[in-house]
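Shared between the two complexes below is chain A, which pairs with chain B and chain C, respectively.
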Partner chain A sequence: MSTLRRVARSVLLTLGLPVAILTVWWVASAGSTSFYSPPLAEIVGTSRETWFSAPLAESRLAVDVVPSVLRLLAGYAVALVVGVALGVAVGSSRALRAFLEPVLEFFRAIPPPVLVPVLMLFFGIGDTMKIVVIAIGCVWPVLLNTVEGVRGLDPVLRDTARAYRLGRVATLRHLVLRGASPQIVTGARQALSIGIILMVISEMFAAKDGLGFSIVQFQRSFAIPEMWSGVLLLGVVGVLLSLVFRAVTDAVLRWYLGYRQSQHGGA
Partner chain B sequence: MTRTHRPAGRRTPARALGLAGVAALLVVLELAPRLGLVDDRFLPPTSRIAVALAQRLGTPDFWVALGQTLTTWGTGLAISLVAGVVLGVVIGSVPVLRAVTASTIEFLRPVPSVALIPVAVLLYSTGMAGTLILVVYASFWQVLVQVLAGVRDVDPVAADTARSYRFSALTRIRTVVWPTTLPYAMTGLRLAASVALILTVTGELLIGTPGIGKALGIAQSSGAVDSMYAYVVVAGLLGVVVNVLARALEHRVLFWHPSVRGEVAA
Partner chain C sequence: MTSPADVAPDHDVVDHPGGASLEVRHLRKVYAGRGEPVEAVADLTFEVRPGELVCVVGPSGAGKTTLLRCLAGLLPATSGELALGGSPITGPPPGMAVVLQEYGRSLFPWMSVAQNVELPLKEKGVAKARRAELVAETLAAVGLADVARSYPWQLSGGMQQRVAIARAVAYEPQVLLMDEPFAAVDAQTRFELEDLVRTLWKRLGITVVFVTHDIDEAIYLGERVLVLSARPTVVLEDVEVGLGADRDQLETRGDAEFARLRTHVYELVQQAKQGVRSLADAHLTHPADAPPPPGA
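Let's turn to the complex of A and B:
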């Protein structure tokens, strides 16, 4: 009985407020005649035919949403690989770090959306431009956090690895990447939200397909319920990506979370 | 990110190396287009960007645009800071509220603020309010989440002690909760400050709210590549200044905190 009550309580706590908010929105907007804020019922009804129309392969979900997400993943993957590789190199050398630090600080500080018009010059408005924009925008948080992580490695562990004559590859894999992984994950998390922003605005600037492109099209043609459904869908995409990210990082960092828990006495 | 201060003697070579790095970058960016490695219609040599930047700096329009960008940024940051701290302390101090809102906060936080761009355009056209919505939505979560973590970190013994001495709720917040939360809030402020700048420029670029971002967009669409790069440099320098100021403020406000004192002593 008590377990049942606990489960019921946690379900109520988790779903209570979201359900309440949606209900209020639904009821409050039900009779809405305002052009800009149509009833939620209408938005939900439209989103079905707008995004998931049959056949699924020709629906906007496949034609617009999937390419957007693929571009995001491609750019993000490039940023992760490049950021971690450069970060390990820069973090391992004091001189290189001193040499590059001000330059990296400057590049990191450039608001990434500014890159869109610049890279449009080089790459036009195709997929390459968008992937490069996402990669360049995402690389800084990954790079700088990797540098910090590598720099903060326990020197005793480094010396131990050297004393045991661990090979370079083994040291890199077991000591450097492992030890820096909590920081790398922090950087990757910041990079993901920047990546989503860049995915959307690179499409709002200039594109022929994509989620951001569709939403702006709807807005410009005053297809308001469709626009709202796109905004909601974009929100859902953001939430799903962050859930996937958390699942992946929880698996990668399981050793670290366990270690921290033992250090803090199981808090 | 923790930063360590090296002893004064070792700082000079690091600084010199850093300057050398900046100089090397400028030289590469100057030479690459001149030697034909990149098309100078896409990336003009540094010297031409510098000339364009100097010309911009001489026009009143530039300073007006800079002022508009800073106004939007500052207003948005201030709103999200106040809202984030107040809501964070209230929600964090009441366990029921924290439990009820947790799932909603987790859901709303990853919703990308740029999703609101079309809504902002419809409601406010190119006015500042539209960009403000984006800025506040993006930076508010940074502050709120940090403040919530800070309130959770309050030492339970100290909290119980304050309660058994019958401190009023306000005194408890001022003397027990706030000192623990402040370092977290400062981290939130630092993160929010740079996120707010990103969204300010985004709004100007995409919505057309007046400011540096809009000026950059105009330079781009009229093919004034030199000026466009000049504005990119300005946006980057603005970002550097924001980061440096936020860190300096953090140090100043938290001069009593072990994380800051430890750095000086080491």
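Let's turn to the complex of A and C:
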């Protein structure tokens, strides 16, 4: 009974505001005659045929949305691997940190979108360019947070690992990566939102398919309800990705919540 | 949870290889920090026989932790020789386990109690079945069998320190180093843990070096007490503790010999605080070899 009530309460809390916003939008735009802000009813109505037309394999969902998301995931994965690997190395070595810091600061200061024209020269306008843009943008928060996480490892735990003669691999696996995982997850979360932005931007310059590409195309051909539906779909994709992210990280960091509480609770 | 004192004495924890000797010869440690180099340990020479339980006391800041970290191979000595069972200590040696003061920080918070105990065994190459056996037996020996699946931070301070002790014992070391392990637990838990250390030490026959700032604890636990001077550290006196093998929190602490040793070591530590660096310079009102006062 009470579990049911709790679930109902959390669903209400989570969905309350989105539903309210959509309702207001729906009602306020119902009689709209403006060409650029059509009624929400019309936007939603057009979504189905725009994105999910039959057969599904030839719909825009399969032709545009899926490739976009795959490029995002590829670039994001590259950023995670490179960011964590480099972050562990930089975080573990003061010399390496001093050596790399100026260069890292320089590259970090360059907004990734301006790299699109440059990278187009090297990689063309295909998938590789877009994946590289996404990876370059996503790598910084992962890298910098990993460095902080590794630097923040408790020296007592490091001593313990050494005293019990844990090897390099075991130390990396059981101490460094686990110990830095809260910061790595923070970086990965920031990187995900950057990745979604870059997924769209990389398609706006030059592309032959993609969600961002479609939205720009609709806008240029004055298919305004379709353009709006693309923006909404983009939001939905973002929400879904962050839900998946949450599920994964909650499992990884299950210990962390209780640990923090026990530290702050003043045992 | 069972109290560790209740653990059946015939409960066979580990097939033990026994203890190894520890030799420290002219150990010197200078910290070359950013400012003036600090000489923490000037010249320490002593030996711990196989299977002996030796306590180290001294005024705070006497370089006790420095000594222990050097022994553990975690800190390189500036000069001098350290050897475990005859072989020089250059890094953390095999056959040595360490229990640190900061129990809350020496256990991996992302692992369960059992996983914490098991990890060093895995690394050591102990077979899986034997690992499970060791983990179960040592956790039972410290009275924590029922919290094996909990996370360390779900336990009280005293229980966390017991996990650290279980981890050290499961490792089947020849030498166990303990750095003020009970400094941060409450007084009652402390008595229990002291008895636990004595019980495990007797059962396993390992060599134990126990660093503490608590004089009573040092005398209660040790077969010998090394009294250190203030920094830069030398050994002020190597005090034999003739309190027998069986010790009891009430009887031993009420013993006249205990009181005499306590007075003596207390005076030494006070003198050490004032900068006395050798027994000859110490002004003791209660000489070490004096018979216990009549009627005590």
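Operating definition for what follows: the second predicted complex is superposed on the first by the 248 of 267 C-alpha atoms of A that agree within 3 Å, B and C clash if a C-alpha of one lies under 4 Å from a C-alpha of the other, contacts with A are read in each partner's own complex, and residues count from 1 in each chain.
By our rule, a residue touches a chain if its C-beta (ideal position, glycine included) is under 8 Å from a C-beta of that chain, and two chains touch if they have at least 3 such contacts.
Treat the numbers as computed from the prediction; the structure is a model and nothing was measured.
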Clash-or-fit label for the pair chain B, chain C on chain A: fit
First (chain B), second (chain C), both or neither touched by A:4: neither
Which of chain B and chain C A:56 touches, first, second, both or neither: neither
Partner chain(s) touched by A:160 [first = chain B, second = chain C, both, neither]: second
Contacts of A:212 with chain B and chain C, given as first, second, both or neither: first
Which of chain B and chain C A:98 touches, first, second, both or neither: first
Touching partner for A:175 - first (chain B), second (chain C), both, neither: second
Which superposed partner A:242 touches (first chain B, second chain C, both, neither): first
First, second, both or neither for A:201, with chain B first and chain C second: first
Computed vertex angle (chain A) for partners chain B and chain C, CA, steps of 10°: 90
Which of chain B and chain C A:121 touches, first, second, both or neither: first
Contact breadth on chain A, by residue count: chain C or chain B: B
Per-pair minimum CA distance [chain C against chain B, superposed on A] in Å: 6
Chain B and chain C footprints on chain A, overlapping residues: none
Chain A - residues contacting chain C, complex: 154, 156-157, 159-160, 162-167, 170, 174-175, 178-179, 181, 255-256, 258-259, 262-263, 267
Sites on chain A touched by chain B in the complex: 13-18, 21, 36, 95, 98-103, 105-114, 116-118, 120-122, 144-145, 148, 152, 193-194, 196-197, 200-201, 204-205, 212, 215-216, 218-219, 224, 227-228, 230-231, 234-235, 238-239, 241-242
Interfacial residue positions of chain C with respect to chain A in the complex: 69, 72-74, 91-92, 94, 96-98, 100, 102, 105-111, 119-120, 122-124, 151, 153-154, 156-157, 167, 171
Of all residues in chain B, those that touch chain A in their complex: 1-2, 13-15, 17-22, 24-25, 41-43, 99-104, 107, 109-119, 121-123, 194, 197-198, 200-202, 205-206, 213, 216-217, 220, 225, 228-229, 231-232, 235-240, 242-243
